[in-house]
Every structure is written in structure tokens, then in C-alpha cells.
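The following pair of complexes shares a single chain, chain A, combined with chain B in the former and chain C in the latter.
After this line comes the complex of A and B, so read on.
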């Protein structure tokens, strides 16, 4: 079997109209993949940028997978939320990116989107907060029913991921 | 004079050892320089020091013109945290009133015992161990610069407080101006040993000049005389470690297993993890992307359940600098097989093409085509970020544009593959004369490509990255041709052997038995 090490960090997020952001992240893999060590999901702290609009989390990601095949390559998905001074959380965006498949260090910028409701809901969101969320979280990392959604563009989540691959060349995989 | 070379380098040296520190032994040899022994240079002993253990020496307060031989030279072997008392300490602890902590009482007992057994064996060289009051206070008052009054800053106080937490602050130092630090030894729990100054070995001895009414010159050397580990012990240790690591590796490999899905021999599998990232620079809002992958007609195939197309969500744009950008983050996975059967063709293999069209659908249900684009999938494995530029067909005249603005609807392509080479094209010159287009925005794709083939396994030892994929696949056919040649050779030899056997014996040479 081949092994994949994913080591990196969620650096932060920029371009969101809200401040005080935190991120819930997770990794989804196919059936042929087994997680040997590491936590496959987590939540960052809440960060409020003082200068500029980039919120920094520097949240570590350290995972070790073993795989029997190429199907189901790991996918990272994020939910970026903002927390206001009253402690209420509001969705700022859903984001997704594939874990790269070539060894080395990759800087990834994942754009995010959030679902839009009717204009009434949008107005309410501007004043009171809230807004529609996805019913099934797996829509973020699968493309099946995406065409039903009407969304708005959010900010960008920045990642720095380093990848170590082992034994892939023994099975003739070029990466 | 020319023989003795002083060593003035008193910087510290760092050593690493996995051995427990109680095996550490240090030998210090201290000697005073007088005119008589200056010429006979004796190698000095070594000192060890334990954690924050200071071996110092203090000259005898009674000065006399004539000193016996013993006063001028001393050699001590010290182990870790071994406490050797100075004269001052002996005097201090014999007085019971001066004992304040249990450690002081313990020292007093030891000194009394020593007195009973005939005095201590070291006269000049003594040590301070980790638990002595001296070391903590010394650290606090240590001066770094030559400023006249150097006051320890707040940070120094905090650091000293951290180390000093367990002990009280009272205490009196000895005649500090007569004490010189010979060597400081620090050990931490990771097996890092810091010796300041370093062991003298090939360097010359260190020197101390005492101040005061009598200026004297002393020299000392430090050596490491720790006993070496027994070879059997080392062997045992090594075996234990090997066992431990071996078992851990077995456990890991049992978790992992040894199978991996393989391709059919002679086939190349192209595996692409991709995502439609974003689209920018378009006129209207509420964009969505419809894309699909087209495989070339020859040599390529894909699994039956493979979905080769996708539609993203509709996204409202936002302004990013000059452009308006829509974020999709739409994942897709694509897999295809390339079968290299026909070896006579020299042409490069055709690679699949990714076509995309961008459309906008707004609240009023106005449907517009925003652009068409196409890009060839990358032939090299790795991560690629592709930016596809798009165009849309326009009609001459104002009417079409007005209609597009007010109610939507415009010219569309019937066959999307017209963007590159139409599927129905058979001639040699493609002419697009008459088609009017307008440049619109761009779509960004991020693709992670992997290629898998059995041929890569065999040629992995001679990896030549400059060769194209086709060349590497050729290796498969080359091997089969070599195999054919070998097969033919073997057949010919067998025939020859049979022919030889059928010949009469006297015609065959006597050394014919060498033929195997």
C-alpha cells in the first residue's frame, strides 16, 4: 500500500466582509483510504484582524493516510463562520479544495461561497444576521446537486500544505 | 617557555550522549606555575561538572614564601553531582548554628564524618552542586559586561525566580574574590552536555591569574575520563532498539497492507482531481459553468460509470479589484485509460480536452451565454492551475445586443467541440471565417494529475523525466522485442544441440562436453 503524509497549516482567510472569523475544517476521503494518525477535522480559534482584512489562524494539519488505490483522494472542506460581540455565529462561506497529488509544498487559495436566500432573507441577514445554511454538509465536497444552489461569492481561505508520498512509484504511479 | 601553549579559548562545547549521566567522570589537574615546574609541563587532570556545578579553587589565605610540593599541584576525579567541600564550607557547616536547611545538616554530617576519617582529600578544588545556595545566587548576580554597576533587569529576576523557587534566599557566600570558576557543566534531560570551557585534549592548559597581594599563575586542564560502555552492554542495547523499531514497523505495515490497485499491462491510467475554482471578468451576474471532458476517439477509454461533465452552482459575483469574480469551488474527478496497442504510429498521443461554457441566469430568468472555452488536459503529472479564456459569438447589428440585454437569449453554439476542432471536421484546413466573437472573461481550473502504468514500475530505476510518456510506454514494447530475440536464440541453440547429438561420436570434438 501507499502512504500519504499531509502536513501543513490553515494560514488564514482574507476578503470576507465580516471580521472575527473562525473556520471549521475537515478532510473527506474515499473508501480505500485509511487514516493512520492525525485528527481529520477541527475548528480554529476566532481571530479579529487589527490591520488589514486578513484573519490569521495558523491552524496545524498533520495527517497520515494509507491507501489501496487512487480513488477517493482526500478533499479538504471548510466552513468559515463569523462570531460577533454577542456570541452569535453566522455563516460566512463554504470552501473546498483537493489535497494536491504531487509531493512538495503547495500554497493554496480556496475561494468560498455562501448560499443566498430570497431578497427578504438577504435583507434580514444584513440587519439581524442569520441566513440559510446547507442541509447536508457533504454538498461542499461533492458536486452532485450543486446546480440547485444560488450562492454569493465569499472570501478566500489560504492554506499551506506539504505533501509526502511513499511507495507510489512501486505501483507505477507518477506524481 | 616555548613548550607550554596556553589555551585562551574558554568557549563552551556541547556534547550529546544517550548514556545516563551518572556515568560521566571528569578529571581536573591544577598546578601552579613556578619557575621550577614551568619547564616540566605535566598534563593536567580533568574536571567534570554536573548540572550547574561549579568547581572552583581558592588559594590558601595563608601566604608563605615556601610552599610544599603538594600545594602546587592537585588532581581530582569528580562524578556527577559529587560534592567536594571547600575549606570555607567545612568551617561554616561545622558550626551548627549556621545550618538552616536539611541540606545544610546533611553537609554537616558528611563533614563531621570526613573529619573523623582524616580530613578531606581535596584542598584547592571543590565543587558546587545543583542544590547549593551558591549556584542560584551566583546566577542572579552574574555580570555580563564591564559596566561599573550592572543591575540585573526584570527578566533576570524572573528567570532567577523560576530556578530558585524551591529554595530560600538566605545564605552567605564565601570569600568570593578568592574563588575562580574552573569549569561549569550543564546536563539536560535530552542528553545534551555542555562543558564550559571545553575539555583540553590537544589544546594547552587553561590559566588563572589570581589577583590580590600575591599575583600567582595557575594552570589547569580538564579531561573526560568517563568509562566506556561495555561492548556487551552496547550490543544488548542495540538489539533491544532494533527489536523495538522492528516491531513498530511490523505493526505499521500490518495496518497498511500490501495491495494496491493496478492497471492492465500496456495501459496508462490518467487520474485527475480537479476543481472549477472561479470565474472572473464577465459582464453579467449570477454565473454558472457547465463543463465536460472529451476523450479522443482513438486509444482512449473511460470506465462506464464515469461522469464526464458537470454543472456548478449559480454564483453572484463580488468585486475584487477591477474584476468581478464568482467563486465555485466545484470538485470533480476524472479517470481515463490510454491503451498503447498500435506501436507503428509515431504521432504523439492525443490528450483529452476540457470544454467549458459560462452562462448567466438571473432573477428574472434571463438566460445568456457568457463564453465558451477549451483547454487540453496537462500531459505531465502534478498540480496545474489553468486559466481558460473564453469568447462568445456575436451578431452584427444592434437588435441582437438589445435583445440580449433586455430579455436574454443570444447566439449559441450547437456543437461545443467547435471551440477547438469540430467533431465533424475532416479536411485539412479549418476555416472559421465569418464567425464573429467577443472576448469575455476567464475561468480558473485547478487540476491535480496522476498517471499510473506498469511500464513506470519497470523503468523507475532509470528515470528520465525529459522523455515523453510515449517513449516510456515504448519500453514495454522494447522489452517484448528483446524477449522475442532471446526466445529465438534459445530455440536455435536447442536445435544445434539436437543436431550434435545425432552426429556420430568421433566427429564431435573431445571438449564437446563443455556445451551445457
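After this line comes the complex of A and C, so read on.
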């Protein structure tokens, strides 16, 4: 079986209008992929920038997959939330990016979006907080049913991911 | 096909903690340690260290220079658990107590050659204003009992950190000649 190591960090996020951000991340793969070591999802700490607007998490990611096919190449997906001083959480953005397919170290910048609701919901969000969220998390990384959404841009999640591939040449895949 | 026996590879890290920029603090020292998975073991060098105390330069750069050497070699059979270096920076507060000024962690570079990395630092935040005041007053700030927690992904949900108060620059020159030899045995 071919093996893939995804090792790196979720460095942080920038460009969000809210401060005090945290990120729930996960990795989605196709049916032919098997996770040998590592955790498939997690949540970073809440970080409040003191200087500048970038929130830094430095959250480590270390995953070891075995696969029999290229279909369903891993995708990292994120939900960025902000937390206010009362401890309430509000969605700041959803985003996803594919794990790179060439070995080496990559700097990734993943843009995010959040669902807008009706004008009533937008007004409520401005005053009271809250706002619409996705019921099914898989819309973040899949294209189906996206046409139903009306969204606004959020900030950017920055990642540094390194990829190590093993045994791909045995299956005739050049990398 | 016969199963291949695990192949051992070596990872040699040579470098230094070069300098830092902390706009609000002075007279700092740093500690480094490595966090790695179960399949890894250090074979040579020191996996922990404490640097000297350094003061800011008087010029415009306002930089704190340690130039603190890191020299360690790991051996492993599996890239899972790739070593991370965890840095903790400490300094005196107004009353003279030694308090933590920042934690940061980054993976050791993956490819041979020279790499320069700047890592952001963060400190845990007190949960309430009262606690914030008491910790400022007594000098007992929230601190991790084991800095290695910074390199782990699990259990971070309940933490609040004060972002990178300062953007600490950590520059590490890491030539790694003996890396990933014959990772795929036939």
C-alpha cells in the first residue's frame, strides 16, 4: 500500500473582523484511505492577538495514511469561530483545502466564507450575535448543494504542511 | 512479497536559536526541548537546554540575541511523530519574579539544507479579570506545568491564549545532511 505522511501546523488566521479566534479542523479522505496514526480532527486553542491582526495557533498536525488509490485525496477542512468575553461562540468562516500532492513543504493560505442569512438574520447577527451555520459539515469540502447558499467572505487560514510519500512508484504514480 | 524489516533513518539537526523580538519585554532567556513520537529516539546531542539571559540591543532593531546552539541527532523508523522543537521564553516582571513570556513550537524541517524559521509565541491567558490582576500582582502567571503540551494537538480546546504578544523571531539554521536514507527498502 502506498503511504502518505501529512506533517505540519495550522499556523494561524488573518483577515477576520473578529479577534479571539479558534479553529476546528478535520481531514476528509475517500474510502480507499486508511488512517494509520494521528488524529483525524481537532480544535485549536482560542487566541487573541495583541499585536497585529493575525491570530496564531501553531497547532500541530501529524497524520499517517495508507491508501490503495488516488481517489479521495485528503482534504483539510476548517471552521473558524470567534469567542467573546462572555464565552459565547460565533461562526467566523468555513474553508477547506486539498493536501498538496507533491512531497516537500508547502505554505497554504485557505480562504474562508460564512453563510449569510436573510436581512433579518444579518441584522440580528450584528446586534445579538449568532447567525446561520451549516447543518451538515460536508458542504464545507464538497461542491454538491452549494448553489443553495449565499455567503460572504471571511479571513484566511494559514497552514504549513509537509508531505512525505512512500511506495507510490510501485503503483506507477510519479511524484 | 516478503515484508520489509523496518529501516532506520537518522535525522541530524544542527542550528541555533538566533534571536527574538519582544517589543514589551527585556532581559529574557529561553529554554528549548524536543517533543517526538514513540518511534523516535535521540542518539546524540542534548534534547533540552537553557540559554543565557539577554538584553535588548540599544539600536533601532531592539532585538534580543541568544545565538544558542542546538545540536541533536534522532533515529527513527517512521516519520509519524516527527520531532518538534518547543521554545519557552521567560523574563522578569515589574516585581522581579521570573514569569513566562511566550511558548512556541514548530516541526524540525523536513528536507536537508539551510532553513530559517520565525515562530510566533503565545502565553496562556487568565480566565477572569480578577485572576489576571492577582497573577500580575503576585508574579504567578498562568503557565504550563509541562511546556511539551504546546507541541500536542489534543486538549487545546479549553485554552485561551493571548496571542503572540510579541512576534518572537526564532531563527534556526539547520543543515541536515544525514536525512531519510533509504526510507523505502526493497
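Just so we're on the same page, the second predicted complex is superposed on the first by the 175 of 175 C-alpha atoms of A that agree within 3 Å, B and C clash if a C-alpha of one lies under 4 Å from a C-alpha of the other, contacts with A are read in each partner's own complex, and residues count from 1 in each chain.
FYI, a residue touches a chain if its C-beta (ideal position, glycine included) is under 8 Å from a C-beta of that chain, and two chains touch if they have at least 3 such contacts.
Here the structure is a predicted model, which is why all the values come from computation and not from measurement.
Peer 1: Given the alignment on chain A, is it a clash or a fit between chain B and chain C?
Peer 2: On the shared chain A, the partners fit.
Peer 1: State whether A:13 touches chain B only (first), chain C only (second), both chains, or neither.
Peer 2: A:13 contacts neither chain B nor chain C.
Peer 1: Could you tell me if A:62 is touching chain B, chain C, both of them or neither one (first, second, both, neither)?
Peer 2: second
Peer 1: Could you give the angle made at the Cα centre of chain A by the lines to the Cα centres of chain B and chain C, to the nearest 10°?
Peer 2: Computed angle, apex chain A: 40 degrees.
Peer 1: For A:159, using the defined touch cut-off, is the partner it touches chain B, chain C, both, or neither? Pick first, second, both or neither.
Peer 2: Neither partner.
Peer 1: Using the touch definition from the top, say if A:75 reaches chain B (first), chain C (second), both or neither.
Peer 2: first
Peer 1: Using the touch criterion from the header, give the chain among chain B and chain C with more contacted residues in chain A.
Peer 2: B
Peer 1: Considering only touches as defined above, state whether A:45 meets chain B (first), chain C (second), both or neither.
Peer 2: Only chain C is touched by A:45; chain B is not.
Peer 1: Please provide the least distance in Å between a C-alpha atom of chain B and a C-alpha atom of chain C in the combined superposition.
Peer 2: Superposition on chain A places chain B and chain C at a least C-alpha distance of 5 Å.
Peer 1: State which residues of chain A lie in both footprints, the one left by chain B and the one left by chain C.
Peer 2: 36.
Peer 1: Applying the document's contact rule, which stretches of chain B touch chain A when the two form their complex?
Peer 2: Answer in residue numbers: 252, 255-263, 269, 271, 273-275, 277-278, 286, 288, 310-318, 320, 325-333, 335, 381-383, 446, 448-457, 460.
Peer 1: Where on chain C is chain A touching in the complex?
Peer 2: Chain C residues touching chain A: 23, 37, 78-82, 84, 104-107, 109-111, 119-120, 122, 125, 150-154, 156-167, 183-184.
Peer 1: State the interface residues of chain A toward chain C in the complex, per the touch definition above.
Peer 2: The contact residues of chain A facing chain C are 5, 7-9, 11-12, 20, 22, 36-39, 42-52, 54-56, 58-62, 64, 83, 104-105, 162, 164, 166-167.
Peer 1: In their shared complex, at which residues does chain A touch chain B?
Peer 2: Touching chain B: residues 1-3, 15, 32, 34, 36, 66-71, 73, 75, 94-98, 100-102, 106, 110-113, 116, 140-143, 146-154, 169-175 of chain A.
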